[in-house]
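What follows is a group of structures, each given as structure tokens.
Each of the next two complexes has chain A plus one other chain: chain B in the first, chain C in the second.
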Partner chain A sequence: MTLIHETDYGTPVSRSEKQVTLTIDGRSITVPEGTSIMRASMEAGIQVPKLCATDMVDAFGSCRLCLVEVEGRNGTPSSCTTPVAPNMVVHTQTSRLKDIRRGVMELYISDHPLDCLTCAANGDCELQDMAGAVGLRDVRYGYEGGNHVRSRNDGEINARWMPKDETNPYFTYDPSKCIVCSRCVRACEEVQGTFALTIEGRGFESRVSPGAHEHFLESECVSCGACVQACPTATLTEKSVIAIGQPEHSAVTTCAYCGVGCSFKAEMRGEELVRMVPWKDGQANRGHSCVKGRFAYGYASHKDRILNPMIREKISDPWREVTWEEAFSHVATEFRRIQYQYGRDAIGGITSSRCTNEETFLVQKLVRAGFGNNNVDTCARVCHSPTGYGLGQAFGTSAGTQNFDSVEHSDVVIVIGANPTDGHPVFGSRLKKRLRQGAKLIVIDPRRIDLVRTPHVEAAYHLPLKPGTNVAVMTALAHVIVTEGLGAEQFIRERCDWSEFEDWAAFVSQEAHSPEATESFTGVPADLLRGAARLFATGGNGAIYYGLGVTEHSQGSTTVMAIANLAMVTGNIGRPGVGVNPLRGQNNVQGSCDMGSFPHELPGYRHISDDATRETFEKLWGVTLNNEPGLRIPNMLDAAVEGTFRGIYIQGEDILQSDPDTKHVSAGLAAMECVVVHDLFLNETANYAHVFLPGSTFLEKDGTFTNAERRINRVRKVMTPKNGYADWEVTQKLAQAMGLNWNYTHPSEIMDEIAATTPSFALVSYDYLDRMGSVQWPCDEAHPQGSPIMHVDGFVRGKGKFIRTEYVATDERTGPRFPLLLTTGRILSQYNVGAQTRRTENVAWHEEDRLEIHPHDAEQRGIKDGDWIKLASRSGDTTLRALITDRVSPGVVYTTFHHPDTQANVITTDFSDWATNCPEYKVTAVQVSPSNGPTEWQEDYNDLSRRSRRIAGKMEAAE
Partner chain B sequence: MSHDQGREKLIRMANQIATFFMSQPEADRAKGVATHINKFWEPRMRTHLFDCLDEGASDLLPLVIEASVMIKRPTVPAKVGASGGISKPL
Partner chain C sequence: MTMRISADEITQRSHDIIRDLKHLEGPMLPILHALQAEFGHVPNEAKRIIADELNLSRAEVHGVVTFYPDFRDHRGGRHVLKICRAEACQSMGGDTLADRVRQLLGIDFHQTTADDAVTLEPVYCLGLCACAPAAMLDGEVYGRVDEHCLSEIVGEIGR
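Presenting the complex of A and B:
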């Protein structure tokens, strides 16, 4: 394996269809119109010297190193800013150019430290490369005089020198090495869209400055790493590279955080990870990253990782380390005992949306073929199960309709119940880029999320609805479009069931669904809503992006249907720039759903009652499959409390922290006789576990993840599992202990089995993925390249189905005892329950969960910013500190759930989506009052956590 | 969770499904409820639902009762102690 070097073409690709032919250094080359001479040269294999140009940002033309001569033109134009023209004749190396370039380099080097041997960029420095390329042999100016390099000049303080800024936990800024090429500033603007960096001063005083001459950590910088990647010198350098040195080999793999599924190069030295660098050819991220994927991998080597299997008889006992064999045989014996004693259906499993497709497939196979029931579910239950149901009903497939590139063609974008700049940052950046180009934005969210107004982006409409009224708002949008005749009739006649449309159109046209009638309970001013509806229906390509603010409601599935209705009535399905786009929470939520993790369906979304599908698997697996649906996670817990469900195998999910109504979850877990947790850490669920099987990270195994755009991306092993086994091996060994004859030697064999049994994966194999880079399912004979856009010539189910969406108020209502509505969300630097990100330096940005409360509500309660407050609902109470902000409306409070001490889910209730039992996290009636400290529950819980992390023979770990 | 709480939750879930289908075109209502419950409810849950129906639960919406004739009544009782085909412990 070698280090993957990506070619830097200097300027971005031109999308023009028109081709231009020119001659460069005697070679004829044909490129799209609008291509720079620099890029055309590189495509012809000629590398023009450059410093300020890189293909991740637009040309700038400041370094004057890339000059060329063009026959028939005067002077020496910069090749990065000069577009090609037909029949142009270019010379990239002449004696005049050589002299100019050497002179430019001489100036650069005269104000640059000459510590190359001890410099962190040694071996990866473009300045060094260019000095070599132009044949720099001497610096006639010397190194004395005005400079930015030395802290003192002849004993006097050098006011131009600035010390290193090491405030960011992941990279350093060393101004003495800066050549002011502006690449970082432009990357922050053009790629990330944060505009945190600028060039302050003029001429020789010019410096890169985060914010208004602030430190990186205090500035608006979101630590996405784009500037570090853009920097041609050691000015912005990963601290890990400073500590370790340059990597020597690399592998392309897929981030294990959110559902965007960014491709990275894991750059290695031996088995040590030096850094993660976003891969330019990654189809989801196109070379961009966020702070989590780029930097927050420290959890993989964190001291809290458990590396040996452990057992305990009772959950009050300390853990006892055992061999893998003992652990497997203990679980197998216990599971079989429970089944003998309480019935075949008394055990089940949970697959992980953080593990690979192959691992997820094996867990559901273990449940169906080994346990002999269908009690398997996955954390998608608590996030996007309504997406699966709703889109399945409307379109016939349980997935988003587009690829991420599609946003580059959108003219109007609705973002509802999602906060992409925090939750899906790389998509957020791609969306902002399109918005800066002029696309319009409609935000539907109770909170004023960053996208509503952020540098160079402003939403045309923000509809600040009351939590729980999504269906009413979406139906009112449809009301306006239908009653004002703005629908796409031709599309509907061709693609959808016309009589269902007529029924639906009559339904939405009722006066009760008008914006004026719904304003009183949605809180959305009617004129705003009408304006937004007109814009979406008439503004060109309309795309809808949504997140858990849509699904995690008692009417989650209904809202998904309403979104599908809106896309169909405006004709926004089946081409680039449009569509229905669920932003998936975890890296492999899409994949875990695809792989048959739901209790009612086999891989490929085929219902368990379908005889032909069962037969496919029965033949291959040599078992008879149960044709009845199994228990979903909340049903498992109900059954546990009732006494008919006694054992569970949980791979990579922390249901105690992530699932609602913590007290009910803990009661369910406490009622079980054998809880097996398979995870990296002793997570919160492990407080109730009897067996702990250590897990492996995404760096330690081969496999695939499927992201929110249905893209199947490879995960590549770059180090040996620290715990000894990849997760698929652990499941296989457990299955073998239970008497199943499994003999997979590599995850590729599992993928072959998936492809053989699941039509939408028919052509997928590791060889094919290596060849294609990645593919989006369905990938079969009819779609050998995969399917970037779905429903192109018609819906998968045949005709698109319009479904009536009646608003039903949730049973969770405010009243005198609980007058405020709590809604929950995420923050950029933390991920989900925080098990990974809390064990990284990301805590520098978010060390605790805070309760956002409007100044009016805070004042009424005598609460000041930063005060400890008690947050209570009918389910329970907890304490955390207040953050006073008018981002939330009066009557609404908001918090994140990244920290276990906060236990935000003690507050959430057991109400759930009518169709899928997806919990209603996003609406809880609460009261907020001043507090002195932790509640009794928090104290009891901390005590339990501490006790349940004791390991016999080991010192108790300090938290 | 006590038996009563479990029962209350099950009835709430059935009623939520019925509430959705009540807003749909009339011909699809009872069938919609029954199909949904048959597709997504594990036999134990359906057994409990039939327990409620057999007791004549007054808090179930009429549409659930109307749909119940199309809901599959589980054949094997989901009782504690039924070995369900597992012949012996390992």
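Presenting the complex of A and C:
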């Protein structure tokens, strides 16, 4: 294996259909119109020297190194800013050009340190490369005089010198090595869209400035790493490269954080990870990244990671480290004992949206074939199960309809119940890029998320609805479109069931669904809502992106259907730039759903009662499958409390922290006799576990993740599992201990089994993925290249189905005791329950969860910014510190759920989606009052956590 | 003499200026000029307000402000005297003129006299090459600056 070197074409690709032929250094080349001479040269295999150009950003023409001569034209134009023309004849190397380039390099080097041997960029420095390329042999200007290089000149303090900025935990800024090429500034603007960097001053005084001459950490920088990637010198360098040195080999793999599924090169030295660099050919991220995927991988080697299997009799005992064999045989014996004693249905399993498709497939196979029941569920239950149900009903598939590239063709975008710049940052950047090009944005969210107004982006409409009124708002949008005759009648007649449409149209046209009638309880001014509806219906390609703010409601599934209705009535399905796009929370939540993680569905969303599907698996697995759906997570917990459910295998999910009504979860777990937690860390759920099986990270295994756009991406093993086994091996060994005859030697064999049994994966194999890079399912005989956009010629289910969406207010209401509505969300630097990100330097940005409260509500309660407050609901209470902001409306409070100390889910209720049991995390009636410390529950729980994390013979495990 | 003004007042007056001008196409430079005219410099607080009102990042505003040497980050003297230091003026005795001015005022470039009367700045070409050496006092240009002209300028400053 060698280091993957990606070709830098210098300027971005041109999308023109028209081709232009020209001659460069005697070679004829044909490229799209609008291509730069520099890019055309590179495509012809000729590398023109360059410093300020890179193909992630537009040409700038400042370094004056890439000059060329064009026959019939005067002067020496820069090849990066000069587009090709038909029959142009270009020379990239003439004696005139050589002299100019060498002169330019002399100027650069006269103000640059000559410490190449001890420089972190040694071996990866474009300045060094260019000095070589132009044949620099001497610097006639010398190195004396004004410079940015030395802190002192002849003993005098050098005012131009600036010390290194090391405030960012992941990279350093060394102004003395800067050549002011502006690549970092442009990457921050064009790729990331944050505009955190600028060039301050002019001429010889020019230098890169984060914010207004601030340190990186306190500036507007979001640490996405685009500037570091763009920097041609050691000015911006990963601290890991400074510490370790340059990598020597690399493998392309997939990020294990959110559902965008960014492709990265894991750059290695031996088995040590040097850095993660976004891969330009990655079709989800197109060479971009965020602070989590790019930098926050330190958890993989964190001291808290458990590397040996552990067992204990009772959860009050300390843990005892055992061999893998002992752990497997203990679990097998216990599970079989429980089944013998309490019945076959007394055990079950939970698959992980963090693990690979192959691992998930094995866990559900273990439950169905090994446990002999269908008691398997997954954490998607608590996030996107309404998406699966709602879109399945309306369109016939349980997934988003587009690829991420599609946003480049959108004209109007609705973002509802999602916060892409925090939760799905790379998609957020791609969206912002399109918005800067002129697309319009409608934000439907109780909170003023960054997208509502952020440099160079401003939403045309922000509908600040009351939490829990999504259905009413979506139906009111449809009311305006239908009653004002803005629908796409031809599309509906051709593609949808017309009589169902008529029924639905009559329903939404009712006066009760008008913006004026719903304003009183949604809080959205009617004129704003009408404006937004008109814009979406008439503004061109309309796309809807949504997140958990849609699904995690008692009417989650209904809102998903309302979104589908809105897309259909405006004809926004089946082509680039449109569609219904769920933003998936976790790296493989789409995959875990695809892999048959739900109790009622076999892989590929086929119902367990379907005889033909069951037969496929029964034949292959040599077992008889139960044709009745098994228990969902909440039902398992209920059954545990009742005494009929006694054992569970939980792979890579912290249900105690992520599932609703923490006290109910803990009661259920405490009632079980054998709780097996398979995870990287002693997570909160492990406080109630009897067996702990150490897990492996995404760096330590082969497999695939499926992202939010149905894209199956390869995960590649770059190091030996520190715990000894990849997760799929652990599940396999557990199955073998239970007497199952499993003999997979590599995850590719599991994928082959998936492809053989699941029609939408029919053509997928590791060979295929290696060839294609990645593929979006369905990938079968009819779609041999996969399916970037779905429902192109018609809906999968046949005719699109319009469904009535009656608004039913949640049972969770405010009243005198609980007058405020709590809603929850994510922040950029942290991820979900924080098990990983809290164990990285990302805590520099978010060390605790805070409660956002409007100044009016805060003042009424005598709360000041930073005060400790008690947050109480009908379910429970917790304490955290207040953050006073007008991002939330009066009457609404907001918090993140990244830290276990906060236990926001102690507060949330056990109300859930009517169709899928997805918990209602986004609405809880609460009261906020001043407090002076943790609640009794928090203290008790901390005490329990400390006791239950003891490992015999070791110091108390730190959390 | 202008009194020192409070941060609150700077914020308030900056807001007013920015709101008056933000509708213009390319409003940043007119706003910066108006702020400098109001306060004698572009206050740091105002930069944040510009960023917010124009929906730009702090970095962008900082980049523009620092690009133009004319925008000051602290108050100057009551008068600003600029002496051209560009090539044409240098060839016509600009160096001697610069030395003489520094000597007369007792300050170096970028400095302000102790009585706050004048700030001395270099400038690179006033477009008056035909009348070199050139100078500018409070926006008014002077050509062929000789000893007589210089005493006139110093007289103005004294007022």
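Going forward, the second predicted complex is superposed on the first by the 957 of 959 C-alpha atoms of A that agree within 3 Å, B and C clash if a C-alpha of one lies under 4 Å from a C-alpha of the other, contacts with A are read in each partner's own complex, and residues count from 1 in each chain.
The rule is simple: contacts are C-beta pairs under 8 Å (C-beta built on N, C-alpha and C of every residue); 3 or more make two chains touch, one makes a residue touch a chain.
The structure presented is a predicted model; accordingly, all values stated were derived computationally and were not measured.
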| item | value |
| --- | --- |
| Touched partner set for A:Thr333, first chain B, second chain C, both or neither | first |
| Partner chain in contact with A:Asp886 - chain B first, chain C second, else both or neither | neither |
| Chain B versus chain C as contact partner of A:Asp345, first or second or both or neither | first |
| First (chain B), second (chain C), both or neither touched by A:Thr194 | second |
| Partner chain(s) touched by A:Glu458 [first = chain B, second = chain C, both, neither] | second |
| Partner chain(s) touched by A:Glu848 [first = chain B, second = chain C, both, neither] | neither |
| Chain B or chain C, by number of chain A residues touched | B |
| Touch list for chain A against partner chain B, complex | 332-333, 336-337, 339-345, 372, 374-375, 503, 554, 558, 599-600, 607, 609, 628-632, 635, 638-639, 641-644, 664, 667, 738-739, 803-806, 808, 811, 910, 912, 914-917 |
| Chain A to chain C touching residues, read off their complex | 194-202, 209-214, 219-220, 453-458 |
| Residues of chain B defined as touching chain A within the complex | 1, 3, 6, 9, 12-13, 16-17, 19-20, 23-25, 36, 38-45, 74, 78-90 |
| Partner chain A, residues of chain C touching it in the complex | 44, 47, 51, 55-63, 66-67, 69 |
